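Naming follows writing order (A, B, C and D), and every chain is counted from residue 1.
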Amino acid sequence: MRQHPGRYHRDEKLIAAQGSLKLVGRPMRPGGTLIDVNGVRIGGDDLVVIAGPCAVESENQLLTIAKAVKASGASILRGGAYKPRTSPYAFQGLKEEGLRILALARQETGLPVATEVLDTRQLDLVCRYADIIQVGSRSMQNFAILEEVGKCGKTVLLKRGMSSTIEEFLLAAEYIMKGGNSRVILCERGIRTFENSTRNTLDLNAVPMLKQLTHLPVIVDPSHGTGRWWMVPWLSKAAVAVGADGLILEVHHKPHDALSDGPQSLTPDSFDQLMRDLRPIAHALGAEIAHSTLVPVG
Amino acid sequence: MRQHPGRYHRDEKLIAAQGSLKLVGRPMRPGGTLIDVNGVRIGGDDLVVIAGPCAVESENQLLTIAKAVKASGASILRGGAYKPRTSPYAFQGLKEEGLRILALARQETGLPVATEVLDTRQLDLVCRYADIIQVGSRSMQNFAILEEVGKCGKTVLLKRGMSSTIEEFLLAAEYIMKGGNSRVILCERGIRTFENSTRNTLDLNAVPMLKQLTHLPVIVDPSHGTGRWWMVPWLSKAAVAVGADGLILEVHHKPHDALSDGPQSLTPDSFDQLMRDLRPIAHALGAEIAHSTLVPVG
Amino acid sequence: MRQHPGRYHRDEKLIAAQGSLKLVGRPMRPGGTLIDVNGVRIGGDDLVVIAGPCAVESENQLLTIAKAVKASGASILRGGAYKPRTSPYAFQGLKEEGLRILALARQETGLPVATEVLDTRQLDLVCRYADIIQVGSRSMQNFAILEEVGKCGKTVLLKRGMSSTIEEFLLAAEYIMKGGNSRVILCERGIRTFENSTRNTLDLNAVPMLKQLTHLPVIVDPSHGTGRWWMVPWLSKAAVAVGADGLILEVHHKPHDALSDGPQSLTPDSFDQLMRDLRPIAHALGAEIAHSTLVPVG
Amino acid sequence: MRQHPGRYHRDEKLIAAQGSLKLVGRPMRPGGTLIDVNGVRIGGDDLVVIAGPCAVESENQLLTIAKAVKASGASILRGGAYKPRTSPYAFQGLKEEGLRILALARQETGLPVATEVLDTRQLDLVCRYADIIQVGSRSMQNFAILEEVGKCGKTVLLKRGMSSTIEEFLLAAEYIMKGGNSRVILCERGIRTFENSTRNTLDLNAVPMLKQLTHLPVIVDPSHGTGRWWMVPWLSKAAVAVGADGLILEVHHKPHDALSDGPQSLTPDSFDQLMRDLRPIAHALGAEIAHSTLVPVG
């Protein structure tokens, strides 16, 4: 059985800090929260890999990638229909058409789908199509969205804000749980620091700290955490070793043509290699990579 | 006439950066943008002071403060009806009742009112009551709100995100202008750094940099920028000296009882003293403090 | 008489923090420390301007600049003989020859000279030539240097480390005072943050915070704090308005040919204009710019 | 054989950045640098663990810890004789007496010893006793020390400055190599960010980035990188998984009585458990933990 950071230590100072974490605090569920999404279990002994393109670009693009990541062992498909872009002149996503394509990919592959919501007015629509609602970094303190996803029955993937402290991150999750929804997955995705050779600084300290403070599952996004595809495998291995419950990874079959985040996207081949490399590390930690249906190619 | 940072220098590297700033870039309006809100002009030779409580708490509270800040020379009233709070257990604002009280205070004092919107679904309602729509730090990259306020006819007060670069800040303003609304006031309010003796690090470098890059008015929020009321006068003076077009200041007649941000709120007396101290500095720079109706008390 | 931030407020939390500041804490000398360097007084009602090139490059260069800054009202000359450079291939300073040229410039102009020490082995030599020993940002926690300058009789200009908290900065000064030397001037010179449109983020919050916590004089370096010469006048005005006891500014007669820091150096003309612009702001605050011997040129 | 990040990818942008890295740049030695310290090889297929107390406190303390860490598989002993402390009132180290005790521990255990130098004047003395000279975070840009250790024949352990970019870190190593010494080990030890639930933010992105840019070995310090002993095992596993060449860990047999860094020190027992847990992860990556002489206790 896998050892969790949260299971072996008591730090009095941290416990004091949990006063305001009435619902998300570890003491509420010392054994941790296990979330089941269409049969995929997150937060248990197995590691979950969520993979897919940054943005849904077309039916062909998403189906190609979805089939590839499934074959390599991913158990959930990601893809953005509504894209938060720094510039108003950048590609903003296919919107409802993107949601429709995600649903089609789920039908074809059986993978549950995760996609982001940017506005409370989109929520009903997104809930009709998605299995996991992503609240992105820029929305981590969009309290209107937090309240609304707290009322829907869907699993929520809450990404850490790029300058959010651990405490603020947990209080954002507290908003969702206070609304009645305890199906919350936390995601460390890199913070903003002075270092500029990487897109963000992946804060792996956050994983054991979060596991200590909360019972909720914690996954890691090395794609945004580094911004460079060739670094993603190394930080993925580190994320598994540090005790994460899973990974979320950007994969694109033609990264150079991707409408967003190409430089940080793995190809299906490099994703497949990574999955092979991760399994022995997971085993060394007493964990499995969930839902592996991989057929070795060589 | 007041000298503006944006009027006297050309930096080739910065000009190159303006490529993506199609609408907010300084070259679009080299002379700067002057915004008129019910007769109060922002972005010209005069300095505008926006003052009021963090949150609208009651009719009596807001009217007391509104009359006081008007008497001391404030020309716009601020007050939050919808409050973005880190914890779900903190006071969340009076919501529509708060908007109604703001409108009453405007009627009583003649001051235009500025208040924050947190959700696109609130926007129509807020627009019915407010003269200036504030997009707060946590919403600077809430692109749904940016697009919607780009379509309404109201003046928008856009606060810099707490870990936003200057470029991201300007691209957020570009979203609003792209929607058709050029009535945008930028507000520096402190950034998040390693330093923790103050709530935020007020980045006054941002003022001349923004004035250089954009034609939009730039104001400063020393209340959030420091988090400590006794520092506010000093940073207010600095903000005027560095070339800001105005200030936004938190004032509360009973800071110890304030439902939010008490530690950074000036009392009416300290606000009045600050206004007196600011005038000679403004004069030294060739500027006036706008709409002064102050009658010296001593 | 000039009002100081440290003179009008008591913040219980801050006072508690002063426990470890046995010598530099404000309560040790509530009225502040006035340092006299060859007749130039720092920490009183008058503002002191230290100006000169980043590096001493030649006798002709330094004398030209020294005479110009003196004529415009600077009261202390700065110039580096030992230069801390990020790359080993960059110009490292003229070393002892630079010290000799500094002494010559003092003889010619009467201005006291400030220069940096990088190594304890240089200290005796530097003390023979300089009036003020600068401990630079990279040396703020060079405890061997702090201990040695604590034992010499010279005035020490201690610059804040680029990621130093206020508390660490004051404890570095405490090292010097513990050695027996209370002639310490603190210098805010910008901190390292995520923002990259400027070289550093000038933290003007630090000025009233330091004045509150310590009796030592506090000056500001807008040249390093911005990294861009055209921003220097704006941040200099802000530094005066925020309550600094003085400024340290880089001036070069041929910035494009400077061996270091050209992009952030004022020309003698722009320095002269800045000095003229600063005086009315200083007056508005009840202060004077020290040792003005300026003869208007037009 | 272990795969290294530096061996499988070319990033044109990064290669361009290597222009100023004449000696430390990866292209100088594509296969990497292997450093031999008294038979311990750093930078090869095996992982090296350096362990010991933060500060040498007494003969008994150091020998107890040295024997324990050797038994658990550490191959180098660490211990500070000269301690850089933020406050002048904190324990400053045993100085030469500490060096003498380190030499004694080497004699008793056969482990090479690593210790820090804080001042150029100490260097000859430290070199007489130590096998590895540590240049600490606060000294990473102490260019006088960098130049001197570049001339000595000892192996240098260069720790990243707490707000140093990757580029500045490599240029500091370039100073040492320019002096003629290519026996340089780089150490990531956490950077300073806004996050304050941990002492520093361990930047594991830095490991593959450094391996890509330079041929020098890279180790990780999870003790300073987290500041909390119970997080150290998790981040140690992550450091191994991310491709580090080794670890440096603080171990103390009585952490509550330690004169410095107690809260981040492992006990000998928890260190032993960590070493056992690391081996299968290392194996999964094709690496060994060097010099394991561990006899299982149960």
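Convention: contacts are C-beta pairs under 8 Å (C-beta built on N, C-alpha and C of every residue); 3 or more make two chains touch, one makes a residue touch a chain.
In this text, all values refer to a predicted model and were calculated from it rather than measured experimentally.
Colleague: Between subunit A and subunit D, two touching copies, which fits better, same or different residues at the interface, with half of the numbers shared as the threshold?
Modeller: same
Colleague: Is the number of contacting C-beta pairs greater for A-C or for B-C?
Modeller: B-C
Colleague: Averaging over Cα atoms per chain, report the distance between subunit A and subunit B in Å.
Modeller: Going by mean C-alpha positions, subunit A sits 36 Å from subunit B.
Colleague: Taking each chain's centre as its mean C-alpha position, how far apart are subunit A and subunit C in Å?
Modeller: Each chain reduced to its C-alpha mean, subunit A and subunit C end up 48 Å apart.
Colleague: Taking each chain's centre as its mean C-alpha position, how far apart are subunit B and subunit C in Å?
Modeller: Centre separation, subunit B to subunit C: 33 Å.
Colleague: Mind pulling the subunit B residues that touch 2 or more other chains?
Modeller: Residues 163, 192-194, 196.
Colleague: Provide the residue numbers of subunit B that touch subunit A in the complex, in ascending order.
Modeller: Result: residues 20, 22, 84-89, 118-122, 138-139, 141-144, 146, 162-163, 168, 171, 174-175, 178, 192 of subunit B touch subunit A.
Colleague: Which bits of subunit D are touching subunit B when the two form their complex?
Modeller: Contacts found on subunit D: 163, 192-194, 196.
Colleague: Under the stated contact criterion, what part of subunit B meets subunit C in this complex?
Modeller: Subunit B reaches subunit C through residues 5, 8-9, 11, 163, 165-167, 191, 193-198, 201-209, 212, 225-226, 228, 230-231, 234-235, 237-243, 280-281, 283-285.
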